[in-house]
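The data blocks that follow each hold one structure.
In the two complexes below, chain A is the common chain; its partner is chain B in one and chain C in the other.
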Partner chain A sequence: MITIPYLTAVSTYFSYGLLFAFGQLRDFFRRFLDWWLTSNLQGYAPICLGHEDFYIRRLYHRIQDCFERPISSAPDAWFDVVERYSNDNNKTLKRTTKTSRCLNLGSYNYLGFGSFDEYCTPRVIESLKKFSASTCSSRVDAGTTSVHAELEECVTRFVGKPAAVVFGMGYATNSAIIPVLIGKGGLILSDSLNHSSIVNGARGSGATIRVFQHNTPSHLERVLREQIAEGQPRTHRPWKKIIVVVEGIYSMEGEICHLPEVVAICKKYKAYVYLDEAHSIGAIGKTGKGICELLGVDTADVDVMMGTFTKSFGSCGGYIAGSKELIQYLKHQCPAHLYATSIPTPSAQQIISAIKVILGEDGSNRGAQKLARIRENSNFFRAELQKMGFEVLGDNDSPVMPIMLYNPAKIPSFSRECLREKVAVVVVGFPATPLLLARARICISASHSREDLIRALEVISKVGDLSGIKYFPAEPKKIEHTNNDIKLD
Partner chain B sequence: MYVRALPTTDVNRNTEWFTYPGVWTTYILILFFSWLLVLSVFNCSPGIAWTIVHLAHFTVTYHSFHWKKGTPFGDDQGVYNRLTWWEQVDNGKQLTRNRKFLTVVPVVLYLIASHTTDYQHPMLFLNTLAVFVMVVAKFPHMHKVRIFGINADR
Partner chain C sequence: MASNLVEMFNAALNWVTMILDAPSARAVVFGVPIQGHFLVEGVLGVVIVILLSLKSYTPPKRPLTEQEIDELCDDWVPEPLIPPITEDMKHEPPVLESAAGPHTTVNGKDVVNFASANFLGLIGHEKLLESCTSALEKYGVGSCGPRGFYGTIDVHLDCETRISKFLGTPDSILYSYGLSTMFSTIPCFCKKGDIIVADEGVHWGIQNGLQLSRSTIVYFKHNDMESLRSTLEKIMTKNKRSKNLRRYIVAEAVYQNSGQIAPLDEIVKLKEKYRFRVILDESNSFGVLGRSGRGLAEHHGVPIEKIDVVTAAMGHALATEGGFCTGNVRIIDYQRLSSSGYVFSASLPPYLASAAITAIDVIDQNPDMLVKLKQNIALLWKGLSNIKGMSLTSNPESPIVFLKLENSRGSAKEDLLLLEEMADRALKEDSLLVVSSKRSFLDKCRLPLGIKLYVSAGHSESDLLKASESLKRLASELLFKS
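After this line comes the complex of A and B, so read on.
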């Protein structure tokens, strides 16, 4: 639940109105001036229909330097950001050869596997030398090596399901699997803030999609009852299949899903549960096994568990874990398995080594240390930010914390000022988030030390004062130091 | 003073901002401040200022609600390309609170403008024409109707 000061809401609408008005004005004059120029389309249709690109041209390009910043080192706790300059007011940006060393608060490097690791990297290099960088084939032709088989077995052990299948790309996992699982005549109930890969997959499947209010199991039950009673759209026949799609941690909110209630509702109405653990696998739970471990849900109750290896494991790709029959079916039907290139072998080795470190099978307790550290870091950072008066979303234990900015002008001001102080943050605005709710999203990593976090807090506090985003009153500092002043004799 | 922003179930990013708190107030405040601006710039009588605000409001809202079709970004792959903003609001459901509010505002503006100009011509004629077009365009029966093929797709 987001609490906005009323004045901020009104001023945000007004700012966007002003930006749109200026954009329309500039477009109007541009159309006037372009009338005299001849068009070189040669009879072809224009690429953009109507004012489809209005937002990109008139709003996004103004602050383009806050997004897509290139980096030139591994995404560790500190990394090198390439400096860019623009000669035409941010329409085009040119890279320079200079880099600046910044604190990384944007990478999904939850457990610190994003850079050199003493257990994983030597094994990855060895696998690169033995198997080379790509398998050059799809899984069914010649792309399954022993490492792939070991990876799938590792994933089943880690996640706690009977079988798993691994794909080369996390986004493609969702968008290629959902059409295979459900088709026309089925119903997909998706959380309103689900990731665009799920939305894409759902739209591509041809099933009817209904959206329920974010993380509200009571609304899910109401929508489910209504839909089961009504049946398919025009024929009112019963639905062939109903799948409820939820995420473990929602990447823009940092909130953890209310999984036990959702699973209880789905059991009652005989719907399938599809859980997307992209951000939660490896990052939450006592031994890193994700949201099911954290909330005490039996993995046998979740029918399809999906996850990606990009966040906590420092690699690429995604997996689907489920019953043996489900995975067998997917291996025969899913186009991402049959036609897409398999995951590169060194990346697969990285995942296997990362899983071994997390489970402690490499002989040390580095995995447990990393998990404890990320939990400590997240809770410390979130508590300190809230004490300073920022509005921070997300539940405790979640390593993703969005700081609300609201006003469109605060997006570039926060991003650029932080970069000037050598702290790199990711800011998100419309249309990835709702219009009113622009935010800066901080991702904490296990490789951040306490000094890094304190430095980040200082910078964010200073920039927050400059930008005016401390919407809540700051908690007064404890008055312990006055006692020291009194004891002067 | 804080308000809660409940997440909506509207997937259309172009219209979902209208469901958050503060929109109605902002709309009314913009109208009021533009009236003050017109008064200070043109140094005219309040009635003429309200007429100018009413007609400008008509032009701007007719263009953005009932003429421009589609969404200003390409993420939704063009599913709303045939619908104007008015037809997209609230997922096409008619007679919701938002729609009723947006229908009432031009009528109230018309009443204020006519009253402050003492119902004289030619302001009365222009104001009446504007409010007539505005209100007819917002009727539930006009959903997806294109008269004489004006603004229809190819």
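After this line comes the complex of A and C, so read on.
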């Protein structure tokens, strides 16, 4: 739980209040100026009501240059950020041809597969020449190639379940699978900070949704007991089935889910567990097999395991792994399998090659090296940031670390100053996070070297002093010899 | 002391007698003299007030004890996660061993492929492969981030500009998956309380978007302009408040489920009369219809500004993946922050975006591909026009040729099994790959089922002839058995 210092909360509220007031004032004057230049709607209702895009026009546009920064190279440890300029006070941004080489602390490139890789890329190009960029067809028509069959077999081996099915997009996987598994008369218990794709899938299914406190198994148990005893709303009939949806690593907090307790509770109350491993597959665990390996949970206890390939495997798409019957049923009924174009064959080949590297089947130990490096990098970085006095969230071993900013003015200041020093960070504000809890999110990659991290720490410390975000007292500097060796397990 | 008490008692007695005997307290009711009726009425009034102020009887609330909750939890038996597997669920699709062009390899045999929506034959085109290879070497495979967080690569921006230039619209936005385009765009602009009039044959992506938007949805009969007109009329006259609500018509240019083409000129006339906005899905018509492939608007001669929102999936004529949406600047800008499939999902892999740019360049420079496609469609139509038991329901100009079953076997399930058998036998016996209708239980569309063929500009005359003969033979064998 994040507890805000009182003074910070007051100043954050004040800042938002000021921005809101200014925004309303400008809107008020704008209404006069636009009175004679209203676009001729001629009887149509306006497509965006005034207050819906108030946030976009008055708050977001001021700091628009911190988001959607285009890059012109692969998202590796160092990349080229395209410089942009604006002639009309940040409302529209125009690209220039100049780029600046920056350290990448924002892309989801956990194992370093995001750029040219000596094992994967030649095989991907080969499969591109053989199968072409897309199959133009859904999986059940003519979209299943031998590469897709091999991919599903690789995923089952990697994840540790009897069968798997692969889709072309992680977001669509959640939105299309949850309505197939549960419908009206069922209950979905979802963590309060679950991703928007899960929320959309749950809403689309028609089941009743109840939220439990983030990562608190005791609250989950209380809600489960209450709900089973009460039954369906108004009729009090017993629920048809109950599914509990949790994520492996929560992307905005960096926290790892308390999976053993959740699985124990679900076994006791006969609910089904749906685990979304979008960020944790390939990034945590001794051999990269995700949260089940890290926390010692048997994969047979989790009924449905879902994950995406965008983060650790450097490709696109999502998968669902479960028992053979579950996968057969999903292949027969899931709309994303029946109607949507299948995952492009080169992307599928990239995933197969990446899995082979991680498991060591390519004949080298690059996979084990990458896993050890990302673990060591994350722990080192987090420890150093906390020593400097930043408020860093997240558990040990998780490669995602948010640094709290709180105040809306610090969002652009942190982002722009870091960019000036050639470090590219990601800042997140409302609506992805609650209004008061704006943060900067760092994603560590296995392709960051120790020098890169030390440079990043220097820059962040300097910018942190400038912006005033060192909310905790810094540890006094101890005179000790830093050890630069990388330890391998 | 005692005398005081006696005095008080006497005074009270005097009062009582006075009340009872006072002249005003005497009344005669029904011939019976009553004395002191004020006292009686006063006492009755007090009794009434007391009764009215008493709370009605409620049995005391007793929350369930922990032990009772435990018992309920033990007794509860959930349904299994999935229904039992039946034989028809175990059906395996064909596995391709080469690119999904007009000819492909299945199980070592060469097969004619009518199941890929490769309308212009761009799969395997060397310009596309070249641009994909250079993009792969430069950018790697994935983009490793959503658009807002360093997932925007310059090829995405170039692709958006190229699409806008090709269609003549002010701005476009790229999505990373074809199916997610529609179900992210619609909830962006349609909220609870708005009115949407949609065709009953729209595909699942659109249906999901309509459901997520929580607006009021009214369906009209498939591609029937008279039904659309009467529905619009009913909505506008029935509800006076409709004037302040946002109103939309949702249609597809070429319907995935039936192959019919929407009459855009009539829709635009109706839209202008009743002041609705049009959201059009041009997945199967982009690059196919119109003299230069600019879609349904060019085909019907309607200026593109009249359509408010145009979306399309690129997994059809453009032989790549992903989707886009175009329209005026305000609409596109709004989606960049509020469309969930754009903000919360990783961006399109850069090699697919560069393939899209190359594909559009190829279409621009070679308009004869479109002519060849039109010729192929006409040939196939001629060949399939008189099959007994199945009839062509798609539009003669649509690249999706749809043969529906004339007599249903009773239930949708049996029809699906019959069509699946037909497609399987076409593959095994005649080396012909066609699509049999598939329906998920989540799909609300109730249009007739049948066999679909996707015609490509790369098919030769012999391929088309083979298809017609094979389907004729199979239809007569399977549909007229005992």
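What we mean here is this: the second predicted complex is superposed on the first by the 474 of 489 C-alpha atoms of A that agree within 3 Å, B and C clash if a C-alpha of one lies under 4 Å from a C-alpha of the other, contacts with A are read in each partner's own complex, and residues count from 1 in each chain.
Simple rule for what comes next: a contact is a pair of C-beta atoms (placed from the backbone, for glycine too) under 8 Å apart; a residue touches a chain by one contact, two chains touch by 3 or more.
Predicted, not measured: the structure shown is a model, and the values here were computed from it.
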item: Chain B versus chain C as contact partner of A:D303, first or second or both or neither; value: second
item: Which of chain B and chain C A:A340 touches, first, second, both or neither; value: second
item: Touching partner for A:V180 - first (chain B), second (chain C), both, neither; value: second
item: First, second, both or neither for A:L435, with chain B first and chain C second; value: first
item: First, second, both or neither for A:R420, with chain B first and chain C second; value: neither
item: First (chain B), second (chain C), both or neither touched by A:F14; value: first
item: Chain B versus chain C as contact partner of A:K286, first or second or both or neither; value: neither
item: When both partners are placed on the shared chain, which of chain B and chain C touches more of chain A; value: C
item: Partner chain(s) touched by A:D53 [first = chain B, second = chain C, both, neither]; value: both
item: First (chain B), second (chain C), both or neither touched by A:R237; value: neither
item: Doubly contacted residues of chain A, that is, touched by chain B and again by chain C; value: 48, 53, 56, 196
item: In the complex with chain A, residue positions of chain C that touch it; value: 64, 68-69, 72-73, 76-83, 85, 88-91, 93-101, 104, 113, 115-118, 123-124, 128-129, 132-133, 136-145, 147-154, 156-157, 176-180, 183, 189, 203-205, 208, 211-212, 243-247, 256, 275, 277, 308, 313, 315-316, 319-321, 330-331, 333-334, 336-338, 340-341, 343-346, 348-349, 351-352, 355, 433, 435, 438-443, 454
item: Chain B-facing residues of chain A, complex; value: 1-7, 9-10, 12-14, 16-17, 48-56, 192-193, 196, 199, 211-214, 219, 430-431, 434-437
item: Contact set on chain A toward chain C in their complex; value: 42-48, 53, 56, 60, 67-76, 79, 81-82, 95, 104, 106-109, 113-117, 120-121, 124-125, 128-137, 139-146, 148-149, 168-172, 175-176, 179-181, 195-197, 200, 203-204, 225-226, 228-229, 238-242, 269-272, 303-304, 308-311, 313-316, 325-326, 328-329, 331-336, 338-341, 344, 346-347, 350, 424, 426, 432
item: Chain A-touching residues of chain B, taken from the complex the two chains share; value: 1-9, 11, 13, 16-17, 20-23, 25-26, 29-30, 68-75, 78, 81
